[in-house]
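Across the two complexes that follow, subunit A remains constant while its partner is subunit B and subsequently subunit C.
Let's look at the complex of A and B:
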């Protein structure tokens, strides 16, 4: 039965993990995108912009630092495909959607932070991505953090 | 300055390719490259191996399997096996090797042709064989591997393919290495199956020369676990039924009788192996 055990370890378990990760990953991604689009629509009136100075005509009452972050991890399926991509080169398409979601989620959280602080706009917004090492300290990554921060403004009247 | 709210657009930062399509392309690509490399290396090894003289082989590998000899359970059964092996190899006229036998304490039934001329036979195999003819065929099959230099081919391919895997591994991609290993193994298995059939044929010839008939040649397959299902497809050896069929057809074509009197096996009961055998059931379960 040694050979069957070998087959199980080498083929069946990774394959089952791949299928499982594909389905869970797809469902989670679809749900997340739905939520992102909905919130982007409802938050569209709150400006989050990259200008370094206060736009002319805005009358600032108060200001403060706001920041938000999202930590994401890669699923087994995406990691597997990205690993194969490393051989041939080219766009790592499976990671594109992951990072796109993380960036958009971070900006949405920034808006939430601003509103809960009583601000009406955020200027000088910056977005940074940090790679998190895993516990073993090898070249694999545990996940990514997307950090967004900016200067939130309380305005006399809405922009 | 006025603010016009607008929504981010989808499909610019994210390439709209279905992940399964992407996956299929990559998997097929990597597997094809790995299988191609494995096949190329296998062919290159096949070209090189016949150029290695057996004497050089014996010198190269002398000392490699000293450990294997120590792992042997020794005793009267190894002597008895050596006598049988000598009788079988006597029919291989231009035999350049000095053969020896070791018995390994393994419950899995198996026999291995080690480089240099040492044949390792497991306890599990000895427990299962019922006649001398059956055992003689197993030894003849292993002699066939030496005749065709398969033991060196397997070794050469293994080493060459390990180098490729290391190279792929250096790319830092675990999934590619895994996939390449699987694809390479399947390719090698294809080559192995051909070798096993050729070794069967050689063993059959020796069996017929020794006993005047080929009874017992296919007995061993009845004593192996069934190879139906998944493990059969992944096996390094051809399927049992297929091997039995091929053996019978070869015997018929050569005019060797399929039936004959099988000689009984008499193991000395006070051999060292008997003590070891009692310990075997506890392992591997």
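Let's look at the complex of A and C:
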């Protein structure tokens, strides 16, 4: 009887977590993608480029450094799927979408930051990704940080 | 103080080089934030507390770099780079460095 209860607990809790994570993760991801797409459309006016030099024809009035970051976490369900994937190998789509969301979010925040600083463009944009370990020290990921930074330009006329 | 991550300050010329300036800070997350993050690790989503923590820490590193540049008499720092490394479990070092210059 006691053993049965133990087995039940060991099975039910992870299963419940998987179901919870599946729903919350899907909702959060879908909502995030919708917000990303909307903001990407509204921010398409502000150029963010990876060139190291100022494109010819842009007359620079002022410049400054801008940076933005996002720390994002993978959910339990996705981690479970990725764990399965690691047995067979191949694309880990759940992590691809996670990183895609984090990068696009970081770039959008960079644009917001540039805008609020009175700048009209950002050049030499760099994107860096760092894995954050959790304090318990086990191998599970606590979060992934995506940092975007670049040199923002105030221009005499909009490009 | 003008900051940029390219070799020059757009629209200005460099008249003097002072060499490398850097600033760093080591931060640890407190346990409460880690518990919250543990919850987020189940449901997914952004870890806002960590985003804020790292943003603040990076601003701190930048500020220290700027202070060093000011003490040298520079008025700009060019070619700024960031690096993040975890020095211990639950602690990270944020490092910013660049070249201090005078621009006109």
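Criterion: the second predicted complex is superposed on the first by the 159 of 159 C-alpha atoms of A that agree within 3 Å, B and C clash if a C-alpha of one lies under 4 Å from a C-alpha of the other, contacts with A are read in each partner's own complex, and residues count from 1 in each chain.
To be clear about the criterion, a contact is a pair of C-beta atoms (placed from the backbone, for glycine too) under 8 Å apart; a residue touches a chain by one contact, two chains touch by 3 or more.
Since the model is a prediction, treat every value here as computed from it, not as a measurement.
Residue contacts after overlaying the shared chain place A:52 against subunit C, while subunit B stays out of touching range. In the superposition on chain A, A:42 contacts neither subunit B nor subunit C. With both structures placed on the common chain, the touch criterion links A:10 to subunit B but leaves subunit C unconnected. In the superposed model, A:145 lies in contact with subunit C only, and not with subunit B. Common to the subunit B and subunit C contact sets on subunit A are residues 77-79, 140. On subunit A, the positions that touch subunit C within their shared complex are 17, 20-21, 24-25, 28-29, 32, 52-54, 59-61, 63-65, 67-79, 105, 123-124, 126, 128, 130, 132-137, 140-143, 145, 147, 149-151, 153. Listed in rising order, the residues of subunit B touching subunit A in the complex are 1-3, 5-8, 10, 13-15, 17, 19-20, 22-23, 26-27, 29-30, 33, 108, 168, 171-176, 178-179, 181-182, 225, 230-231, 234-235, 284. Partner subunit A is touched in their complex by these residues of subunit C: 2-7, 9-11, 28-29, 31, 34, 37-38, 40-48, 50-51, 54-55, 58, 62, 80, 82, 84, 86, 89-90, 92. Considering their complex, residues 1-4, 7, 10-11, 14, 22, 26, 33, 37, 40-41, 44-45, 47, 49, 55-58, 77-88, 91, 93-94, 96-97, 99-100, 104, 121, 139-140, 159 of subunit A touch subunit B.
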